[in-house]
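Each of the next two complexes has chain A plus one other chain: chain B in the first, chain C in the second.
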Partner chain A sequence: MATNTATTPYGFSINIGRKATGQTFIHKVANYMWLPMLAMGLMVLASTQVAGIFQADLASDTFPGTASDRADLETLKVLQPGVIFLGVAFLLSGISFLLASVLGAIRWGGGEIQEKHASEVHTPRMPYTAWAFLALMMTGLTLEFASLGFHIYAAVQVHDYYITAVPPDASALHVLGRAETVLSYAAPLRMVGIGFLLAGIVSALYTIGNVLRFQFDRVTSIILNRDAIPEGSGS
Partner chain B sequence: MSLFTQITQRVAHDRVITRERRPALTLAQLAGTYLWLPMLLMGLMALGGGLGLGIAQATIGADLFERFDAGDKADFETLRILSSGFVVLGIGFLLAAISFALARIAGIFRVGGGQIQETAGRGVQTLAMPWTAWGFLILMMMGLMTVIAGFAVHVIAAAEVHDAWENAAGPDAAITSKLGLAQTLTTWAGPVARLGVAMLFTGIVFMLATIIRILRFQATRLKALATEATAN
Partner chain C sequence: MSNVQTTRSFSLLRPRSRAADYNEEVPHYRTALFLAVGGLMVIAFVTAFSGLVADWVSDLTDPSKSAIVESRTGRIETYQAWLTPLFFVGLASVLTGISIALWGTVQRVWIRVQALDEALPVLKRQG
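And then the complex of A and B:
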């Protein structure tokens, strides 16, 4: 079956064929992945809640307490934000996958309607904004993992500092300095990761808007019995 | 009719406007069409700025814990506050970009739905702006302003903390009054900026509720058009 390609005013080109093509591989992945992402996000956040309760319990015994208790407390304090932000990143990835799933549903539904009511099926090809969405989402999630790595490294340093004695040995202050330095990188990095995920969501919403514009114009063409490529509604 | 009944009816029922031609975008939807990209870019730039300041802070911090220097300490503390201000501002702009992108989608539904009804040769029915859309507008604007106010307070606190440390003789010799003011300001600024972020998130929920109303209305309208066409 021959498939032609044409450009459109919506920021993507289209394939023209006789049959609806269904969802792409990415849409199918998104249909299955949003729930695991959501579940992982909730589990991570719930685990930080439990760790927070443990940390609070530890804090009530630590002043005054042993060097080991203080070291555990300070370690948990440093780890907590890195893990929380990873949980939030999983939740935002869940939202991103759901938006990709919405795009897949629009593509599938649009194809089915055209196959039944029109002589040609116009299917959008993956626009650059959808690629940008994927890249931004994956970069955001990777940055959150990198930030967690920084937090784990800083937590180890903090533990090494506070385990020395009560109060901590002044000669080991450079270890705390190392932790502070690493955390100075990690704190903005985890927000940048969240920023990338949010930018990915913006990109997905823009793509959904463009696909909807295309479909409204396509339905209008079908009502008018025309197969010409729509000129766009200008919105 | 009691005031309560009037309010619940107004909240629960959609007001429909019938006209002959397809409607144009509302002002909020037009703003959404043009403003989502500048907001996205500003958000990414603010986050990039925050990351850059964090890297500068880390570079200074590496030396500071080896040997105290008042100038380095002043820069370290200033950059810490500025960096967190910039990242919250960036997140605020990105949430505003999501809000505008959603408003754009609502506009596409409005114009596209009207276009199809007009082509079908029937009266063009559109939803009057529902209360959820008004709520979205108010929350988005207030949220963005609150985030920007939080950022401004971060900047003031950063200036105060710099003054507190720049001439300090040792690690415990900052000017207490300036340090106290800086800490008070940052204690306020953090929750205020987060309140702004919460308002933006709530605004996004309101816009999603508006889009659900639009979809429900359009599904009903499509069914009515199909029934009319079959009857004719």
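And then the complex of A and C:
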């Protein structure tokens, strides 16, 4: 059990105790979730490729074509980016979970080594960059789901517009306007979502860099039988 | 003799048995490179094809080609419909490559733990 806390120059505080604490709940979740996230991302993107081939077939018959064909084509066109970006978000989330697993392995393995070979076990407390990483990843994934919701709503409106006639009925133009308005929000939203996920990955890599710094120093101090902790102002 | 727990219930991230040679190459990195290069090739193909589609798009505003605007529109829509997801399939291949490299990295961390466990007592005596 941890008995003491000390600040370090690595950007985080450490708990000092006699026993290794293992991984946190978040690390355990990451160990289980990285593969399903990657699999879902790949499945979503593979299905959009199949849908794209179907859409291409539809497009080749649609100019000119029936109102129904045109409505189906335009609906797929609106849905496609929302679904694709959700697939990319799943892949990036899988990468994020793998980075969390790297951190978990460093923490768990480092604890086991210290428990056996050192008089004290120094365990990093979760730094603010790790919390930021989690928050950014969750926000990014949530924004991608919200963006997909906007795309589905716009797709329904677009279908309602193009199904009216060939060419579409001018009296239904407000429906198309509604769809375009929603899409104008959805397009930047999905990019912002990806931005959040990538920023989360940067934050995770920053954390890994700092934890490795800590671990190199700790290994050196174990070899040289030094117990002094470098002073700092970690959170 | 090392006491670090190396055999446990099945885990994709933590190697089940100790590596005979800690410098032995894990297969993940080669696979990752293969996927990244494959993904880049798909993206290059899409980019090259997009040049052709761009040429058709320029026909849409050419007054001398107004008679073929409808067929051109159909062709552009057709190609864009499968080119866009294909680009993201290429990107997915690159991202999967990154993931597999990271998977290899997690396994490498555990192999390093085993190596440290064996080396530390010797190093402490020498230190």
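Some observations on this one:
Following the convention adopted for this analysis, the second predicted complex is superposed on the first by the 228 of 235 C-alpha atoms of A that agree within 3 Å, B and C clash if a C-alpha of one lies under 4 Å from a C-alpha of the other, contacts with A are read in each partner's own complex, and residues count from 1 in each chain.
Note that contacts are C-beta pairs under 8 Å (C-beta built on N, C-alpha and C of every residue); 3 or more make two chains touch, one makes a residue touch a chain.
Quick caveat: nothing in here was measured; it's all calculated off a predicted structure.
Contacts of A:Gly52 after superposition: chain C is touched, whereas chain B is not reached. Once the two complexes are overlaid on the shared chain, A:Lys116 sits against chain C while remaining clear of chain B. When chain A is checked against chain B and against chain C, the one touching more of its residues turns out to be C. When the two complexes are overlaid on their common chain A, residue A:Leu99 makes contact with chain C while staying clear of chain B.
In the overlay built on the shared chain, the residue A:Tyr185 is in contact with chain B alone; chain C does not reach it. Of the two partner chains placed by superposition, only chain C is touched by A:Ile84; chain B is not. Using the contact criterion defined above for the overlaid structures, shared-chain residue A:Gly22 touches neither chain B nor chain C, since it reaches no partner.
Of the two partner chains placed by the overlay, neither chain B nor chain C lies in contact with A:Pro36. Residue contacts after overlaying the shared chain place A:Val219 against chain B and chain C alike. Overlaid on A, the two complexes show chain B and chain C touching the same residues of chain A, namely 219, 223-224.
Within the complex formed with chain C, the residues of chain A that make contact are 31, 34-35, 38, 41-42, 45-46, 48-49, 51-53, 55-64, 73, 76-77, 80-81, 84, 87-88, 91-92, 94-95, 98-99, 101-102, 105-106, 109-110, 112-113, 116-117, 219, 222-225. Across the complex, chain B meets chain A through its residues 25, 33, 36, 40, 43-44, 47-48, 50-51, 53-55, 57-58, 61-62, 64-66, 80, 83-84, 86-88, 90-91, 94-95, 97-98, 101-102, 104-105, 107-109, 111-113, 115-116, 119-120.
For chain C in complex with chain A, the touching residues are 3-5, 11-14, 70-71, 73-75, 77-79, 81-82, 84-86, 88-89, 91-92, 95-96, 98-99, 102-103, 105-106, 109-110, 112-113, 116-117, 120-121, 123-124, 127.
Per the touch definition, chain A reaches chain B in the complex via residues 173-174, 176-178, 180-182, 184-185, 187-189, 191-192, 194-195, 198-199, 201-202, 205-206, 208-209, 212-213, 215-217, 219-220, 223-224, 233-235.
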